[in-house]
Amino acid sequence: MSLVCLTDFEAHARKQLSKPTWDFIEGGADDCLTRDDNVAAFKKIRLRPRYLKDVSKVDMRTTIQGDEISAPICIAPTGFHCLVWPDGEMSTARAAQAAGVCYITSTYASCSLKDIVTTAPGGLRWFQLYAHVDRQLDKQLIQKENTVPYFQMSPIDPSICWDDLSWFQSMTRLPIILKGILTKEDAELAVKHNVHGIIVSNHGGRQLDEVPAAIDALAEVVAAVKGKMEVYMDGGVRTGNDVLKALALGAKCVFLGRPVLWGLAYKGEHGVEAVLNILKNEFHTCMTLTGCRSVAEISRDLIQFSRL
Amino acid sequence: MSLVCLTDFEAHARKQLSKPTWDFIEGGADDCLTRDDNVAAFKKIRLRPRYLKDVSKVDMRTTIQGDEISAPICIAPTGFHCLVWPDGEMSTARAAQAAGVCYITSTYASCSLKDIVTTAPGGLRWFQLYAHVDRQLDKQLIQKENTVPYFQMSPIDPSICWDDLSWFQSMTRLPIILKGILTKEDAELAVKHNVHGIIVSNHGGRQLDEVPAAIDALAEVVAAVKGKMEVYMDGGVRTGNDVLKALALGAKCVFLGRPVLWGLAYKGEHGVEAVLNILKNEFHTCMTLTGCRSVAEISRDLIQFSRL
Amino acid sequence: MSLVCLTDFEAHARKQLSKPTWDFIEGGADDCLTRDDNVAAFKKIRLRPRYLKDVSKVDMRTTIQGDEISAPICIAPTGFHCLVWPDGEMSTARAAQAAGVCYITSTYASCSLKDIVTTAPGGLRWFQLYAHVDRQLDKQLIQKENTVPYFQMSPIDPSICWDDLSWFQSMTRLPIILKGILTKEDAELAVKHNVHGIIVSNHGGRQLDEVPAAIDALAEVVAAVKGKMEVYMDGGVRTGNDVLKALALGAKCVFLGRPVLWGLAYKGEHGVEAVLNILKNEFHTCMTLTGCRSVAEISRDLIQFSRL
Amino acid sequence: MSLVCLTDFEAHARKQLSKPTWDFIEGGADDCLTRDDNVAAFKKIRLRPRYLKDVSKVDMRTTIQGDEISAPICIAPTGFHCLVWPDGEMSTARAAQAAGVCYITSTYASCSLKDIVTTAPGGLRWFQLYAHVDRQLDKQLIQKENTVPYFQMSPIDPSICWDDLSWFQSMTRLPIILKGILTKEDAELAVKHNVHGIIVSNHGGRQLDEVPAAIDALAEVVAAVKGKMEVYMDGGVRTGNDVLKALALGAKCVFLGRPVLWGLAYKGEHGVEAVLNILKNEFHTCMTLTGCRSVAEISRDLIQFSRL
C-alpha cells in the first residue's frame, strides 16, 4: 500500500484506528461546518504562478522566533498521542527532530515532558499551556520549561483575560504566543500586550462551530498586526499548495494537527516523517511552479483576489 | 433515547406524530424555499469570537417590553397544540413559566385562554390577535386580556390597514407589537404609528414563499427602527449560535415555533422545557466562547460581513 | 388526478405525450443551460412584501397596446399545437378568449388563421411573423391580418436587419413588437426605430444556449427603454410569484410558452383554461400577500436587490 | 454511432482507448480542480446576443502572426499521438492542413518533424520547444525549423528565465510565442522582452493545480498587453460558444488540446477533421445568432459582466 498524499494517510487511519479513537480525532464542534470549511476554504483560493524565473535552486528554510526550521511546516499541539501509537509523543518528537521542524507539545500529552525531551533532545519544541484555575499548576508547568524554549497558551480557566498576561510574563522570559485569535481586534490587543506571536486557529473546528476557516481569518489578522510580530496558522493544511497559500497571505509558518496523527497511526515516527516529507516535497514543487526561489519571495501577488 | 439538540427532537417528532399532524407542522408555502432558507441562512453567517475575556460569569438575562426573561429565547405563537399533546397549550404555558420565558398564545390555541392562565399564573404571556372582519370579536378577545399583559397581531381581515391601528389602540392600553414585518418601509411606518415592537417574521415560511429568510430581513428592519422600539425575530432558530447571531444583528430576543411543538410531541411540558434548556445551554456556551459576559455585550462586531 | 400547479401539468404531459412530441416541446439548445436558467433565475429573486394595506379588493386587470386583459398573463407563440391536441390552436384560442387574455398565434400554427379566428372571434390575438426571404410571403401573411390586430416578428431570413423594418412598417399600420431582445443596445435601437413594444425572450432557451435567463435580462431592457414603449417577457414563468416578479421588474405582462402546451395536452381548451386560471389565482394571492391592490402598485420596491 | 459534439468524441475515446492511454490523456495535476474549471468557467459566462443584423454572410477567417486561418480554432501541442492512432502526428497534421488551421507540433511528437512536414507540406505549423538544459539540443531543434515557420516554447530547464530569451532570439528570426502565462505581471514582461505572442494556458490543468481557468485568466492578460502583441488561449474549449467567448474576451484564436486526441482516437485524420468541422460549424452558428458577421465584430459587449 503506497500512501502518496495526506488524504491517503487519512483514509488509512480511518480504517486502522478503533472507532472511538477515530471519532475523537476526527470530531468537530456541532455540525462540523468550520472543521470542513478549514479544508474547503483553501481549495477556493486560486494561485497566480509566475513564469520564466530561475528555479533551479529552491530554498524552503525559514525561521520562527529566530530559530531555523527546514520548511514552514510544523506540528500543532494535539493531545493523547498514545491512543494512536504506543510511544505516542516520543515518536512525534523524534519525527519532528528528524525533519528539522518545530513540535508544539500539548498540555495533554500522554508522555511526560521529560521523556519527550530525552528522546529528541535536539528538536525545536514549543509548549502549549492551558491556563488552569490553579495558577500554581501553571507555574510548575512553566518552570519545567527549562526543557522547552517557548510556550504557547490557550485559555481553559474561563476567567483568564488580557490583564492576566502580565502574571504569565512575570513567570518566564520565554516568548508567549497566543493560539486561537481570529479577529483584527484581538490581534491589535496582542500587539499592545507585547506577546511574541499569534497562531490564527479555530482549534481544528473542535471548539466553536460557525467561525471562519483559519485561512479566511488569516489575512485580517496579518493586516492588523502590521509586521510587529510573527503570525502562524493551523487548520485545514493538506497540500503543498495550501502551505504556499498560507505564506502568501502572511503566515510565517503553518502547523499540522490531524495529519500528524494520521501519520503516527500509520507507522509511528516514520509515519509522521512521511507526512512531513510529502508535504515538504509538494511545497517545493509548488514553489518551483509558481516561481518562488525562497520563502521570502512568497507574496500576496501569488493569490488571485478577483475573477471575471 | 437521548435527545441532545433540537434537530434530534425534530427527528423524533417526525417518527412519532401521525402523518397529517406532522405535515401540518412541517408544511410551508409552495416550494418551501423560505421555510428552508430560514434555517440555511443562519448557517451562512460566520461568527467572530473574541479572546481572553473573563467569561467565568455569563449572564443570559434580558428584558422584553420591560419584563425580565431568563434568556432571549421565547415561544412564538403556533396553533392547535392539542394535536401534539393531550393538554396542549397548558403544557406549553407551564414549560415557559418554568423556564422563565415569554409565551405568545395564538388566537388558534386549542385550550381556552382561561385554562392557560390558570395552569401557569406566574408566566409572562403575550397574545397573538388575528384581526377579524367582525371587530366585536376582536374587542372581546382584547378585553379578556386582563389575563395577558401584551398582545401581538397579524392581519386576517384583508381590509385591515395602518389606519385601523388607532381603533385597536383605543381598545387597550396594552403594548401592540406587529408580527411579520420584513422591510424597512414597514418598519418606518411602525415607528410612525407608535407601536411598541416588531417581530421580524415570515411566519415560518408558511404564508408567502420566496420572501427573505427572517435572519436576512432582520438587519434591514433594525437599521430602519433606529432603536425607537424593540425588534424581535422568529424563523429558523435551531441552535445557541443562531440565538447569538440574531442578537448580534439587533434582535432583543428570538421566538421559537416548530421546535416547541417537537418538544411538546416528545414529552409535553417536560419536552418543551428540555428544548428551551438545551437552547439556553448552547447559547450560554456560545456566549462563553465568543467572549460575551452579558447580552449587552453581544454586538454586530461578532458577525463577519465579508470574506477573503 | 388533481393538478394544482403548473408543474403538475408538466408531469402529466411528460407521461401522456409520445416521446418525440414531448422531446420537441421540452427541448432546448445545446446543454439547455438557458432553458433551465429561465426557471431557476426566478427562484433566486426574493420578494419584499408590504404589510397592513387594505387588500380586500385586488384588481389584476391591465392593458397591452391599449387593449384590456383580465390579468398580465398571456400566451406566447408556439408551433404545431395539433401535435398535442386534435384541434390544436383552435382550442388554445378559445381558452385564451374565455380567460380574457391575448394569444399570439405562431407563424407555424397547425390550424389555419381563418379557423383560429372563426372559433374565437372575440379573443385578443397577435400574430408572430417569421420574416421570410420571400417578402411576398410576408406581405400575404401581414395582409391577412385584418384578422389579427397586432403582429410580432422574429427573423428567420438571416439577412433581415434594422433597416428592413421600414418595409414592414410600410406594409401595415399594425403595431410591430420585437421578440427576442436581450440587451440595452438593441432596446435603444428599438426605441429609435419606432416599434411599439419588445418581448424580452430567449425563445424558451431553444435558440442560443448560454444567454441570460429572460427575467435576468428584463431589468436591463426596461431601464434602456425608459418607458417609451411597453416591455413584455416570456421564459420560465411557472407561478404567480413569477408573474409578480416580472411585473415588479418592469414587464407589462408575461407570456406563457410550454405551460400552455402542457394544459393543451391535458384537456385541450379546458386544460389551457385550467393552466391560466391556476396562474391567475396564484398571482391574485401573491398580490394580496405583498400588499398590491392593482398592477399599478407592483413596483421595483417589491424586489430584494441585496442580502446580508 | 453518430458523434455530434465534442463531448461525444470524449465518451467514445474513453471507451475505445486502453485505460493507461486514456488516463494519460485525461489526467490533471493533484485534484484536477483547474482541469475541470477550464471547462466549467466557460459555462458560467453569459452571452449578450445582438438582434436584427444582416448575418446572411458570416466570415470566420482570421490571421495569426499574419497568416490566414479558416477559423480561430487551431491545434495545441500535445505529445505522443501514436499512442492514440498508428501514424499519430502525421494524421493530425493532414487534418489541420485540410481544415486550414494551424497545428503546433510538440517537442514530444511521436513522429519525426520531417515526416510531419512531408505528409502535410502546405499546412501552417508552429513548433513547441521545451528549453533543455543542453542548449545545443535546443539549437538543433530551432535550426530544423526551416521546416516550421514559428515556434513556441515552454520551460523545462528550471533555470531558464527572462534573461535567457535573448539567446533564443539570437538563434532564430522566427517569432517567439510564450505559452503558459496567466498574470498581468508576466504579460507586461513579455511585451518588454519583445516576444511576438502569448498563449494563455495552464497546460490543460496538468502542471500546477488550483490556478485560474484559462478563460478566467485571459481578460487580465489581454488588458495588460494593450494590443501590443497577439494573445491566444487554450484550455476547456468544447463548443462554438466557447470559441466566441474567448474571442470576445480578447483572444486572437483558441487552441484545442484533448479534443484533438479524441478525434484522432476515433478515426485518425478524419476524426480530427470531424472535431474541427463540428467546432467550426458551432462557431458559425454562434456568430450568426449573436449577430457577428466577422471575427472583427466579436467584442467584449457580447459578454454579460453582471447580473440582477
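Order as written gives the chain letters A, B, C and D; numbering starts at 1 within each chain.
By our rule, a residue touches a chain if its C-beta (ideal position, glycine included) is under 8 Å from a C-beta of that chain, and two chains touch if they have at least 3 such contacts.
This is a predicted model, so every value here is computed, not measured.
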Interface sides of chain A and chain D: same vs different residues, half threshold: different
Chain A and chain C: spacing of chain centres that average the CA atoms, whole Å: 60
Whole-Å separation of chain centres (CA-atom averages), chain B against chain C: 42
Junction residues of chain C - those touching two or more other chains: 45
Chain contact topology (line, ring, star, complete or other): ring
Interchain contacts, given as pairs of chains that touch: A-B, A-D, B-C, C-D
Residues of chain A defined as touching chain D within the complex: 43, 45-56, 239, 241, 286, 288-290, 301, 304, 307-308
Touching residues (chain side chain C, partner chain D) in the complex: 30-31, 33, 41, 45, 155, 157-162, 164-165, 178, 180-183, 185-186, 189, 207-212, 215-216, 219, 249, 305
